[in-house]
Each structure stands twice: as structure tokens, then as C-alpha cells.
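First up is the structure itself, then whatever we jot down about it.
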Amino acid sequence: MNRTSEKIDVGIVGCGYWGPNLIRNFLSHKGFGQVIGCDLDQSKLERIQQRYASVKVTSDYEDLLGSNKVGAVAIATPVKAHYQLARDALQAGKHVFVEKPFTSSSAEALQLIKLADEKNLTLMVGHTFEYSPPVVKIGELISGGTLGEIYFISSSRVNLGLHRKDVSVIWDLASHDFSIIFSWLKTSPLRITALGKDYVQRGIPDVAFINMEFPSGCVAHVEVSWLAPSKLRRTAVIGSEKMLVYDDTEVMEKVKIYDKGVDYKDPDSFGEFQLSYRAGDIISPQLENYEPLSLEVAHFFECICNGKRPKTDGFSGLRVVQALEAAQSSLENNGHPEVIR
Amino acid sequence: MNRTSEKIDVGIVGCGYWGPNLIRNFLSHKGFGQVIGCDLDQSKLERIQQRYASVKVTSDYEDLLGSNKVGAVAIATPVKAHYQLARDALQAGKHVFVEKPFTSSSAEALQLIKLADEKNLTLMVGHTFEYSPPVVKIGELISGGTLGEIYFISSSRVNLGLHRKDVSVIWDLASHDFSIIFSWLKTSPLRITALGKDYVQRGIPDVAFINMEFPSGCVAHVEVSWLAPSKLRRTAVIGSEKMLVYDDTEVMEKVKIYDKGVDYKDPDSFGEFQLSYRAGDIISPQLENYEPLSLEVAHFFECICNGKRPKTDGFSGLRVVQALEAAQSSLENNGHPEVIR
Amino acid sequence: MNRTSEKIDVGIVGCGYWGPNLIRNFLSHKGFGQVIGCDLDQSKLERIQQRYASVKVTSDYEDLLGSNKVGAVAIATPVKAHYQLARDALQAGKHVFVEKPFTSSSAEALQLIKLADEKNLTLMVGHTFEYSPPVVKIGELISGGTLGEIYFISSSRVNLGLHRKDVSVIWDLASHDFSIIFSWLKTSPLRITALGKDYVQRGIPDVAFINMEFPSGCVAHVEVSWLAPSKLRRTAVIGSEKMLVYDDTEVMEKVKIYDKGVDYKDPDSFGEFQLSYRAGDIISPQLENYEPLSLEVAHFFECICNGKRPKTDGFSGLRVVQALEAAQSSLENNGHPEVIR
Amino acid sequence: MNRTSEKIDVGIVGCGYWGPNLIRNFLSHKGFGQVIGCDLDQSKLERIQQRYASVKVTSDYEDLLGSNKVGAVAIATPVKAHYQLARDALQAGKHVFVEKPFTSSSAEALQLIKLADEKNLTLMVGHTFEYSPPVVKIGELISGGTLGEIYFISSSRVNLGLHRKDVSVIWDLASHDFSIIFSWLKTSPLRITALGKDYVQRGIPDVAFINMEFPSGCVAHVEVSWLAPSKLRRTAVIGSEKMLVYDDTEVMEKVKIYDKGVDYKDPDSFGEFQLSYRAGDIISPQLENYEPLSLEVAHFFECICNGKRPKTDGFSGLRVVQALEAAQSSLENNGHPEVIR
């Protein structure tokens, strides 16, 4: 597939829970042409056609890959199938978009990165939150130095949610926090510890408390659970200059910036050191209003056309998978700290 | 000092931040007679006398202990002085009330327990929250089986708070969560991991994330910080039958009980297992309205008189100190899990 | 049109903002057969056909009414067209569903009621909130006596909302509160006063404060506005036994019942009377989870089939229109009280 | 009493609920010398002396007024006694501070204003909220034009509160909203309507809904009640440029300013007019942190010393009493609008 400005036909593989959202967004982007839904389950394909009359469907992945007109594939299947589907697509010369978490293992992730590189194809991971208005805004505040040095981040993502049967709550929910936090800090953690438990389904942890340390000295805590009485989507970012809270359950004030902090003054001559506490206005910035997935799809198109590296490229997907592996390993090892290589 | 029904004179040692609250509550309990404030700092004693004309003051602890009329001593000094002051009081035959955290080390705690036992004196630790209406109510709900099996507990105790110069945020704030959680579960944790950092004062951690595992399989997470934009005092308790949230910053609805949960059904014949989700009414129980410290002082009096073991006795103080030691040790050891003996 | 158990074809007149919701719900009810969208604006008809392939469309209302297979018509046009469209449909022998507010005047409402009666046809008004889970629940609590005697009701329905160009905020928003409150109290108010202003568009009030008195002595206050910084949908109901708050912006706790009140005791012999204050648990009842409009459409079908009078019949629509007229008249008359005949 | 810079002895008349707060604040202001509590009830005087050893007490008001050393009197009795006590104090040459509501009638208020003027004495009314940080801040925002033209104000002041036996909820609670709103708008209303009811004590309304119109075209609504399930202290101010919400029950964000509004554009040539909606940042300004009463007492002292007119002078008290009379009259007259002369 050449990088062209023609319309690109795109296949969406996996038409269950999330796939239809991809289909809807690919349909409404002018750069993409025919949208094709692909799933082994006929009933899902039928539902797609009822809702989106212009979408074609197929249960034959090879057929999809065999079509010259299809320039890109988006994969929204269970995680364990990501690697093979993405590999086949890359080998068939398609640009590939993979839903998060990228792959089941970092080894798989590395192979896909290498393959896309060899083939000079766009490989993008669907870390949707990184395209959402509050996460983008906070990223700008951090990069721009508004918060000062980032001391620590504490995040809770819990509610009585659907228990997944294929992956733990870490792979399901913490993958969001990992991609968000790593993008803000522009780095991976050095060390991870995790404590978790499998209360409802044996072998599949449904609650986890994860601690991470970053090279800068920043630490982060992530709590995820499918067992909680009320929904929390709350992330506090504590900086030396300002602090903020990002609450994704809020409708109007998702981000609040607090002009608060502690100033440390070295002792004069003999005296004790002094701490002074600052408190100022609280500001909830106006955020742009768009669906993150539409921005994500537009970014995928742009990267395909001009060959630039996606914001959420394979390495972005890889570092999240590495952290998920480390967290899982610590969890299975009684909370022993795992060092990320 | 005999266990009598006469009025008991009581000395309060340490008249700084917390001592005056003890003085006020001892003054208003009819079982106690003369209240004597004791501090090395004359200005603090003067302030006490201005506010409480009937309180006597002294800067001589030995003098206080030498008085035959003084039957009890309450210690509200910095932690490092607790052991010696309590030991001297017990040796002088006084009943002793020690503020939390009980002692600087578990070794000290054990010695005080032994000494009180030998002398047949009441030794009580000031875990005030265990006497507060919401904590008592939740304890009853847990003991009574309303929540079912306790799966996990997650607690946050953070705000932009006064940095202490003598102890870390763990000893300052997590001691509350530890005493609350251990009293609810009626046990200590097996294993603790902690991650923390000292951002403002070198050597004194001001944020910590602590994970604990209990013999029953229950896990608990405690987040404490002196660096946070807004005050959180929120504890979620997740049980197999019900879930609850205790938010101490709420005025009217400090405790909310959610009739929510997941039911696991074993697969019939060939089928997959089924999970069904329950959701029912949310109830915020009416709580009694009293100052916890007044109940605590009344309980101290009652234990002195009838010789019964305080609800928050030396062992209660000891297990909190053991957990604080373990958390501190894990924190200093990169989050390595610490086993509590 | 006979009352039968065959499928009933239905025409939806007015396919702008609200019409498509009616179409979607008529489509998914098994009692209705062919759904036909009717609008003078071709672009709206095209949009309907894109979204609902099985819906037929027409811009010719007479054609729609001329069809023998069409048994019912639902009217979702601007208010001023309601009367004529409904009258023509009834005269053509169709059962009629009219969106709220029912008509532009009480005279029109009375004529439609009379005509439907003569023709023995179902005439139903779309007071959707009366079919919503929280409103139904509160109605049951009031009827069942749980709240005791209803003292007063205070309701706020405000936010920075779309300014309508055809009707004032009273006809647009207060019509909801009126239908809800009158259904709870099973009566109309005796007297209404209203204060309002037209800040943005001359002649079209965008804020109004309305007071009402009911035969029982109950009073109600309704605040409506298109000019407010944040969304309020809050109704407090104060009874002699209990009080409740219905907050429609809440996701989980839309209704909260407070076991609170004041008990008045007559004076003993010489003494003063005594007031004692009660406070108990707060309960947020689990509500059913369905779309009110689906229940409304099902109720319309049921009334067509068995000839029973709809819960929100013409008289229900009439008393809301009468109150709207009175409120508007008071507003235009400097807040002078208007008596409803 | 001359206007001097010597310490001024002050008598506080009425030592029940509110008097002790006045005593505490007069005690801690350096301009005032001896503080004397005055009440007919000996038990109240005893309680004062227990708490404030340096305060003298008397049950003889004439004695208090007879003392040359007493330069000022503060009156915190039930409203009906205000007039006579204040008149006697002014006639005895004392500066006078009267708690709100100023008097039982506007006639009384006018006489006190006249008398203070003749005697060249300071007469100040205790509209405490006008000295509170959020009310002062909002006043500055309004005067400074930040909000643009003030369209309307809507205020709720309700909770399950102590029923007073001497005055209605209007005189008790709405007096706060009246003083706040009139100070912000720097004017009285032209017209008032009120609806209210006496549910618990016959003859003493415990809920009222009050509407007001101001010369500028601004309208205000005030809801007050002693019967409500939860505490509301919420005032929304809607301006042409910005909107704000003042919530006095909030701890950290009492004032929130919303950069929101509607812009009206006149139609170009033939077209329809256009409305465009603005939304920007939300700002919660940092407020000063002091007890309003301490500022009030300092202001009283300053006015005594330099002869300047208090911010809350007799006219400020008068216009609130006039509005209370009008609201009461409308309430007794079925909500008929009352014009304020």
C-alpha cells in the first residue's frame, strides 16, 4: 500500500463490544473509503449491517487481507488474537491499528514493531484516552511546566464493572492509567509492585493496587477494580508548583487546577527550616469537546498519508505491555518489586 | 492506686496541640477529679490556665507521679517520649492512657504491656477513631455479617496538611487507618508493602501507598499524604454481600451502604459459569452524635474502675506499631514485602 | 379504526428534534407495524431514512390520514400546530398521541378532548416524565402515605440551554414540572403567581419563578431558566413524615428519602408547646432501569387496544395548559395572582 | 461620648444564642476596653462569666447606660426589643450596634436613624454576611463589571432548622438574603411577592418563596425554609457577561465564576437573529480567611472613632426591614404584589 491521498478502504476485525465504535468513526472520516467489518460470528456481522447499511462484512480474514483496495486494518478482538492478526496484516502490506492492550506479551509487541518498521507501514495502538480532551490538556500543563516538578500521581479506576473472562483487571483497566501516565511523564517506570486478588473468578484478579517508581523520582499509584460500589475515575497529579485533579465522571469540571503547594526555605543561620503553605485560585479549564476516537482515527489516517510516527506507536504500546507484565508478575509474587528492563 | 469509685485525679502530660482536647474531656467527665496539666513549656501551661481556670499545672513530671491523689496519667507528647513517660507512670502505680501511635517501637510497646500487666494497671491507647460513630457502626455491620465476607478495603487520607518534623506521614496518618482496619478485621496483616517519598523535607516521607494482606485473604490499601489538593477521608469496604463507603468529610452521609455485588454460579453441565450483578437500595444509616474523645475518656474511667481490658489496649497499640514498623521498613527497602511476625 | 390486536401502522408528524425518538420507540414496540415519518422538510425525512431504513416517509399529511392502514398518529411539531394536526387526525378516525405541551390554549385542549370522546378514540399527551422511574417511584411513595401530608414542593430546572424562539421558558420547561407535580398531587393548583424576564430575546421570557397553591394547602415553587451556569434538575418534596430530594442529574442516587421531620406537641397544662426534631436513615431506593418513552409508547398501544383512558390523557394535558396560561398571565401582569377556574 | 482614640467600654445586651459571639469578638479587639454582658436571665450571665473571666455582667440595663465609661452598646436580643433598647442607648449618648433584623417595623427604624443623626452617634446594623469573604468578593465582581449587567439572582437558604417562636422564617432567614442582595445591587426592590405557609406552628410561616423586582430590571428569587431535608445555602448570580454560584456550604470552593453566556446578534439583512453560546474556564477564587464578625466589630470601632457612616448603617437596616414588611404583607395577601414606597 503506497502512502497516497486517495481514499483508503479499511477492515475492522472484531465487531463485538468496541468494534462498532471504530466502524462508526472510520465511516465518518473522509479519508477512509469502504469500511469492512470482519468477525467469525455471523450474528455480529448482521447487527453491523442493520446499523450501518454502507458497511460490507466478511468472516474471512484472509479474503480481507487479499484485497488490494484495503489499505488498513483495525483490530478490536480479544488481546490474545492481536499478535497474529496484526502480523498477518503487516505481512500483507496493510497499515495496522491495534486496540489496547497492544499484545499479550512484550516479545510479541517487539516483533510487530520490527515488522512494521521493515515494511515501512504505520503501526498504531488504540490508547484512546491519550486523545481525550482532559488527558491532552493535562499533558500540555505538565510539559509546559505549569505544575513544576511532578512529585506523584494517584489514580483510581473502579466500579462494579463487567468481569472479563480472558484478562485480569490489570490488563483491562490499568492499561488505561499506564498509557495516560507514561505519556504525561514521557517515560516508563523503573520498578513496579502490585497487590491483587481474584475474588469472583478464580485465577482472574478483579482488584489490584499498583505502585510505580519513575527515573525522575516521581511515583505513581494506580487502583483498579471491577468490585466497587460507585464509579471512580479520579487521578490526582501533585507537582511542586501546582496540583490537579482529573475526574472523568464529572460532566463540567473534569480538570481542576489548584494553585497550592509547600515552599521549603533553608534555615537562616541557627534557626529551623521553615515550610510555608500556598493556596490560590482553583481553575477548571474549558476543554475542547470532541470524541477521542474521532481524533484517533484522524491521526491514524494522517500518519498513513505522511508516514509520520503515531503519537501512540508500537513503542507506546510496548511500554504499557511491559508494565502490565511486571505488575502481573509482582502480583503473582506476593508484591515483590519487579524491575522493568 | 486501687480500683475505686472515688473521683480520680488525672495528669495530662503534653499540653501542645492535642493535650487541651484531653483536658477538656477529662474535665467534663464526672469520674475524674482534679485535672493537672504537665508540660516543660511554661507558655503552654499558661494558655491552659487561661482557658481552664480549674486546671492545675506543673512542669515537674516527678512531682505529678509522686502525688498519691493522682490515679491516672494521659500522655500526649511527641511519640519518642511516650515509652519513658508511660513506664515511669506505671512504675509509680498510675493507670496510663497513651496517645497514638503507642510507642516508637514494638519492643517498647511490649515492655509497657508487660509492666502494666505485672502492676495490674489499666493501659489504654488513644486510637480515637475506634470510638467514633461511623467507625463503630461499620464495625457492627462487619461483625454482624451484613457485608458478608470482607474482600478488600481501600482508604485515602490526604490533604495539604501540616508537615510534621518528627515522624513520617505513615506514623502520623496511616496509624489511624491501621487502627481502624485492624479493629474491623480483628487481626493484623501478614504482609505489608509500602512505597513513599520525601518531597518536601529530606528523610521524612510525605506521601505513602501501603498494601496489606490479612490471614483471611482480605487485602487493604492505604494512601496517606500531606501533599494533596483537597481533603480525602474516604474508605471503601467491599464485601461479598454488600459494599460501603465511609467518607469522613461528609457532614450528613458519612456512611453509605450499597446493596451491590456479584454472584458467581457454577456452570450447569457443559455451559460456562455465570456472573450476575446485584444492585439495590443505598442506605445511609443515622449515626449517633457525640465527640469520640468523650466516649474514650469514659471508657478509660470504666476500665480503671472495673479492671476490664480497654477496647484499645496495649496489644491494640502494639499491632499498629508493628504494622508501622513494617511499612516503614518496606518503604526504605524499595517496596519489598515485609512479613509481620 | 377498530380496537384490535392486529399491528397498528403509525405516523409520526414532525421529524425534527424529538420526533426521531418517537420513531425509534414505535419501531421497537411489537404492537406497531409500519412506522411513517411525516414532515414538510425533505432534509429531515432523508435523515430519518438514513437512520431507519424500514421507516417510510411522506410530506403529505392528508395522504397519511387517508391511509386505512394507519391507525394512530403521534404529533411532535411546534406547539402551535398541535391543535389542527390532532383535530384532523381524530376526524380521520386515528388514535392520537400529542407531545407536551398539549395545545396552545385550554380552549383547543377542550375541543380535542371532546372530539376524541365523540369518536371513541384514544387521545394521549406525551408527558414523558410521568413514565420515568424516579417520578413513578415518588408518586407511589406519596400515594402510599410514606411522606405523610405533603407540605410543599420546590423544583429547579435550569441550565444554559437552547433558547426557543416559539415559546417561553415556562411553556418549554415548566410544563415538565407542572405535569409531574399535578400527577403526584392528583390535582391542579388553585392559584398561580409568576415572575419572569426576557433578557436575551425580547418577548420570550428566559427565566421564571412560579408559585402555586393547591386545594390541600400544599404549595409548590418552580424555577425554570435557560440562563444558568450549571444544570439543576432538583425537586424537593417535604412531607409531614418524611422528605425527599429527586435530582435527575445524579446517575446513581436520583431519589433520596430522608426520615426527617418536626413533631409538634400541644402544651401540657401551663407549659409551652414543644417541637421535637427527628432524623433517621437516608435511603436511596433502587429504581427500575428503562427508557420512559418506551413505557409511554407501550401504554399508548395498550390504551388503543383495550380502550382504557391513558394515565396522561387529554385532561392531564388540559390542566397543564391551564396552569401555563395562568403562569404566563401572572408574569405579564407583574406577578398578580391568577386563579385557575 | 466623644469620638476618641481611647479604649471604649462596651455593653452587650442579650447573652443568649448570638450574644456570646459578639462578646468574644469585642474582647479580642484592642479598641474596646471593658466588655459588659447584660441580660435579665441570671443563668446566661453566669455562663458568660464561666467562659470569659474578664467580662463583667449586669442585669440592669439602666445601670449600664448610666456608666460614663461605657461608650457603645451592642444589642442581640429578640427583634421586638431592639427599638426601645437602641433608643434608650442613643438617648444616653452611646454608639449603637443592633443585630439584624434591625427593628420590628420601618417606622421604628426611621426613628432610630433620626435619633442617631441628631445625636451624631454611630448606628450600625449587624448584617454579618456583608462582611464575609465570599459576599465581599462577589460585591467587588459585580461593582467591577466582571459579570456585566446583572440579569437575575436566585437564592436558597433552607434546612431542617430550629423553628423560632417570635418571628417567621422570612424575618429569620430571608433578612440575610435581602441584606446581601441589596448590598450587591446597591438598591431596594420596587416590588415583592411572597408565598408562604405555616405548617408546624400556626401563625408562624416556616417556608416562603419570595420574588423581587429591582429598578434596573434585575429580578431576584429567595427561597427560605426551616423544613428541608438537607442544608442549602446557594445563590446564583446571572450576568450578561458571566455567571456565578455562591455555595456557603462548600468548604473550599464557596464561589465559582463561570465564563458563560449568550450573545444576541441582530439579524443581517433578511435573516433571523442569531444566538451564540459561550463557555469558558470556571474559576473558584481564593478567598480571604477571617471571621466576618471580627471585621464587623473592627468596622464599628473605626466608625465610632472617625465618625464615618458604617457600610451597614441604619438605612441599610431600614431597607431590609421595608422588604421584610412587604414580603410579609404579600404573603398574608395571597401573594399579591407589594410595592415598596
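Each chain gets a letter, A, B, C and D, in the order it is written, and its residues are counted from 1.
Here is the rule we use: a residue touches a chain if its C-beta (ideal position, glycine included) is under 8 Å from a C-beta of that chain, and two chains touch if they have at least 3 such contacts.
All values derive from a computational prediction rather than experimental measurement.
Counted as hops between touching chains, the shortest connection from subunit A to subunit C is 1.
The chains that touch subunit A as well as subunit B are C, D. Ranking all chains by how far their C-alpha centres lie from the centre of subunit D, first place goes to A. Two chain pairs, B-D and B-C, are compared here, and B-C has more C-beta pairs in contact (counted per touch definition above).
Taking each chain's centre as the average of its CA atoms, subunit C and subunit D sit 40 Å apart.
Subunit B and subunit C have CA centres that are 54 Å apart. Measuring from the averaged C-alpha position of subunit B to that of subunit D gives a distance of 43 Å. The set of subunit A residues that touch two or more partner chains comprises 230, 252, 279. Of all residues in subunit D, those touching subunit A in their complex are 252-253, 259, 279-286.
Listing the residues of subunit D that touch subunit B in their complex gives 53, 230-231, 251-252. By the touch criterion given at the top, residues 151-152, 154, 156, 160, 163, 165, 191, 193, 195-197, 199-201, 207, 209, 211, 213, 217, 219, 221, 223, 225-230, 236, 238, 240, 243-245, 256, 258, 260-262, 264, 272-273, 275, 277, 279, 334-337 of subunit C touch subunit D in their complex.
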